[in-house]
Amino acid sequence: MPDLSVRLGTLELKNPVIPASGTFGFGYEMARFYDLDLLGAISLKGTTLHERYGNPTPRIAECREGLLNAIGLQNPGVHAVIEHEIPRLRQVYHGPVIANISGFALEEYVETAALFDACPDVDLLEINISCPNVKHGGMAFGTQPEAAREVTEAVKRACKKPVYMKLSPNVTDIAAIACACKEGGADGLVLINTLLGMVIDPRTGRPVVSTGAAGFSGPAVKPVAVRMVYQVYAATGLPVIGVGGVATADDVIEMMSAGASAVQVGAQNLVDPWACRNIIEELPHKMQKYGIEALSDIVGRAHRA
Amino acid sequence: MPDLSVRLGTLELKNPVIPASGTFGFGYEMARFYDLDLLGAISLKGTTLHERYGNPTPRIAECREGLLNAIGLQNPGVHAVIEHEIPRLRQVYHGPVIANISGFALEEYVETAALFDACPDVDLLEINISCPNVKHGGMAFGTQPEAAREVTEAVKRACKKPVYMKLSPNVTDIAAIACACKEGGADGLVLINTLLGMVIDPRTGRPVVSTGAAGFSGPAVKPVAVRMVYQVYAATGLPVIGVGGVATADDVIEMMSAGASAVQVGAQNLVDPWACRNIIEELPHKMQKYGIEALSDIVGRAHRA
Amino acid sequence: MEQRSLYTILENAPLAQDVFRLRLLGDAGWIKRPGQFVNIALAGKYLRRPISVCDWDGDVLTLIYKVVGSGTEQMSRMAPGEKLDLLTGLGNGFDAAPARGKKIALAGGGVGVPPLYGLARVLSRAGESVCCVLGFRSHADVFYEHEFRALGCDVRIVTDDGSCGAKGFVTDVLKSLDYDYYFACGPQPMLRAVHALGKEGQLSFEERMGCGFGACMGCTCKTLTGYKRICVDGPVLLSGEVRFDA
Amino acid sequence: MEQRSLYTILENAPLAQDVFRLRLLGDAGWIKRPGQFVNIALAGKYLRRPISVCDWDGDVLTLIYKVVGSGTEQMSRMAPGEKLDLLTGLGNGFDAAPARGKKIALAGGGVGVPPLYGLARVLSRAGESVCCVLGFRSHADVFYEHEFRALGCDVRIVTDDGSCGAKGFVTDVLKSLDYDYYFACGPQPMLRAVHALGKEGQLSFEERMGCGFGACMGCTCKTLTGYKRICVDGPVLLSGEVRFDA
């Protein structure tokens, strides 16, 4: 039996497949589709200190092999997440939980992260410094190395749990941002968040999504994600959670070969709610076909000649 | 009859459809597929001062709705292009010609551009400061505003013909690069060049293309291209040639709505050699359907409320 | 737990201008209420297309859709015998209970009409008397007038240009009727106008969706009872909770 | 000028392990030489798949392809009656003229064997006597042995494991033959080994292609006579111009 287990630092996952933040709600609504305990971990919907409605609709546009979204961090706020959402998830899911944290100021990041840090049901903190859909909404922190280092440092000081910084691909030099996070003490990195894209309706000549530009994800962006995971793995050596366009077991193997220790599945959950389960079921067959005994062996193998 | 004509500064095109550099050779080989005089203009294969072989093969990888390429600026050098390639093209094509120029140093850009500037068969100079596939191959000029301004200024000083700077999308702030080119005296901008991507073979765990990372284009990248054209149009007001994932007449209308005065078709030529002709034939039908009388009327309409 | 469902096309035929009726063979046992919807996967399209259920009977589902873009255009070219991958069990649907014994009006506009048909059937079978006001752009767009009549409904057709039935808006006819509970489905301006008439009722909304099952928050709207995802908390909202100002 | 060509599948059947023969109805008039190729569009795949022509007769094209990835796997599931969109007229093909009257050897490996069949037919009909060395991995991979024999060729099979014919490499058998002109098609190491034997001949190369018609320079290789695009200046190169060091 092929070994699917992987490690994120000291955290062991039974397999590398994690539904990405924002594509799986707070998890419990997905229990109607399959047994969530199959998953390697779950990354929760992005959470801020206070409740947010997010952006006006339309928030969604379709494009070739992907979609744009401009949800704008709709969430009930960290207190409600800890009091209501996580307990509801725990009724149907018993594996590792990743809290995804956004903020509009350094102090907000720290306060929200500290609350999750104190929540025994949370295993890992994913700090989103890359949300493209809200003004001053994190992406500024993710496009300047110095700002990225500062957020990382401040959150690390306030938290005991592993801190993973989620990076924006909308930058000239992803390795520089990643290295800055490493300097700030990050335990790992998650990449990529969405590319900034736009879809215009040729009929009306107007952007489809209310915000104009919006976050672009789906299989279309995978080559950019794989390239950045490859660069960041080489530049930092930190554990990387690879995300961006993963839809099949082959995609998981590709992303891990580039340097990812685990993989998040995002957009694909929206069009195929069984995507993660199917990938987990397909992985052993692909491993056998390619002669891979343990998935953890292939992390970063694209760097080895 | 709908009016398809557009303007790039003082240069008038009978329609906005231009095969993009690197996807149409030097044009004449495509005459086996259709009458090239249908085209709005032709952008030649990227040319350097000296002959170049380019990168080792494999230079090509497939991905969802697109491909990676790492040709590496294979070309016979500017002298051979002017003496042999352009005369051969002129036997089968009589419309506007765009010379696409790459370099490894400022002086090379200037010397190559000046030679094309003196060639009566060339109408517009497209300065590629964004090739991702060669070391020190232009992309450095396209990711630093100051460097972009310097190249633009130097080429402008040496040339009388319109100078359009071709920009890389692999930057944090495309508007800043575009504004720097404008300050340098650019007559217009061409965007986007390819995104930097990577495809890894899950079987071998190794990158498919010899260079590892390579230039990613095709319909998959269109949302990024449209977003950047939108931003650059707003930031500079310069004429923009929109390129990135255009495959249909609707895509042309979308790109022009974002702010493009003309549009280049790239990857699609490779999988459908009749792509440009088909788009030109489809445009009047779409214009009629959407109530567009003159294509030039819709340039930048996404910015108008 | 829910499984991916494949349906076989029995019929896919034009019903009116750009409007098609799709009859599908497959599981219809998941339907709890009229007004629920399915989300259809199409080859080469990344997102699924949400289409409301018009009617169901045994293992046959009837959907009515309008060709509005390349996805529905592609769907309209599919032939009987071909398979469709549907996500099912989506949406809350209309709750017939609060209307029981009341004077019921159904107000539908364009492709908002189909889910009202399944509702009308449920209400008729329960012995309720139903008046339907169905609005279309023009005569060529009208469909299901006779089908509603066959259920015993009092049917009023309204068209923008008066080429069939009354000329004007759905609300022009609706406000002349004597009703005390309504169900409405149609474009946002129609729903707003119906809501503005002030009676009690239920309104079914449309919104661009990412998933259709509550995961992405792509279709959230503000209501007086909090944020609601049109896909799982809706598409049907109560008149008392709807906000058109938000 | 060249137009897009649709072909109808007449047959798409397994021939050996993971190897299929595809017979297509449509224009074959464009073929000037054996060893030319077509570029096949597949639904959902961005790039076309280049496949060499095995044989042609009237308006029937025969292609033989191996399932090596999801594209060819998808192709293998297509049924007779379905249509394929082909770019045709691609590649230079083998030039039979310089071999006239010589002792000719054909050296093929795996899916490099099919284009040699069309060549063998042309040579046989011209009255040339042809010896073929066909290499495969194992017995289950062997195909077209009898078809080559039926053309009157002297056929030698070689397999890596000796499960059919001789054990070893194509060149192990080739070097024992008396020939003074060769045509070779197969994987790069085989071509290199055949070339190293030093006789005069023609070699057909494979490379990942962007377009197949010379526009993208994706498949360029260095030769003693300059840079050559495998798709239009090849796939067949002369032994005198080939460089394996570049």
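Going in written order, the chains are labelled A, B, C and D, and every chain counts its residues from 1.
We adopt the following convention: a contact is a pair of C-beta atoms (placed from the backbone, for glycine too) under 8 Å apart; a residue touches a chain by one contact, two chains touch by 3 or more.
The model shown is predicted, which means the values in this text are computed figures rather than measured ones.
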| remark: In contact with subunit A as well as subunit D, sorted by label, we have B, C
| Counting only C-beta pairs in contact, which pair of chains has the most of them? | A-B
| Measuring centre to centre, with centres taken as mean CA positions, what chain is farthest from subunit B? | C
| note | subunit A to subunit C, mean C-alpha position gap in Å, rounds to 36
| message | Roughly how far is subunit C from subunit D, centre to centre by C-alpha average, rounded to an integer in Å? | response | 57
| query | Rounded to the nearest whole Å, what is the centre-to-centre distance of subunit A and subunit B, using the mean of the C-alpha atoms as each centre? | reply | 33
| Distance from the CA centroid of subunit B to that of subunit C, rounded to the nearest Å? | 46
| query | In subunit B, which residues are in touch with two or more of the other chains? | reply | 63-66, 219
| task | Mind pulling the residue numbers of subunit D that touch at least two other chains? | result | none
| query | Based on which chains are in contact, what kind of graph results: line, ring, star, complete or other? | reply | ring
| remark: Listed by label, touching pairs are A-B, A-C, B-D, C-D
| field | Touching residues (chain side subunit C, partner subunit D) in the complex | value | 43-44
| note | Residue positions on subunit A within touch of subunit C in the complex are 22-25, 29-35, 45, 53-54, 57-67, 69, 71, 74, 208, 218-219, 267, 269-274
| field | Residues of subunit A defined as touching subunit B within the complex | value | 63-66, 68, 143, 170-172, 195-203, 205-207, 212-213, 216, 219-224, 226-227, 230-231, 245, 250-251, 253-254, 257-258, 286, 289-290, 298, 301-302
| field | Complex contacts: residues of subunit C adjacent to subunit A | value | 1-2, 4, 41, 45-48, 71, 87, 89, 207-211, 213-222, 227, 232
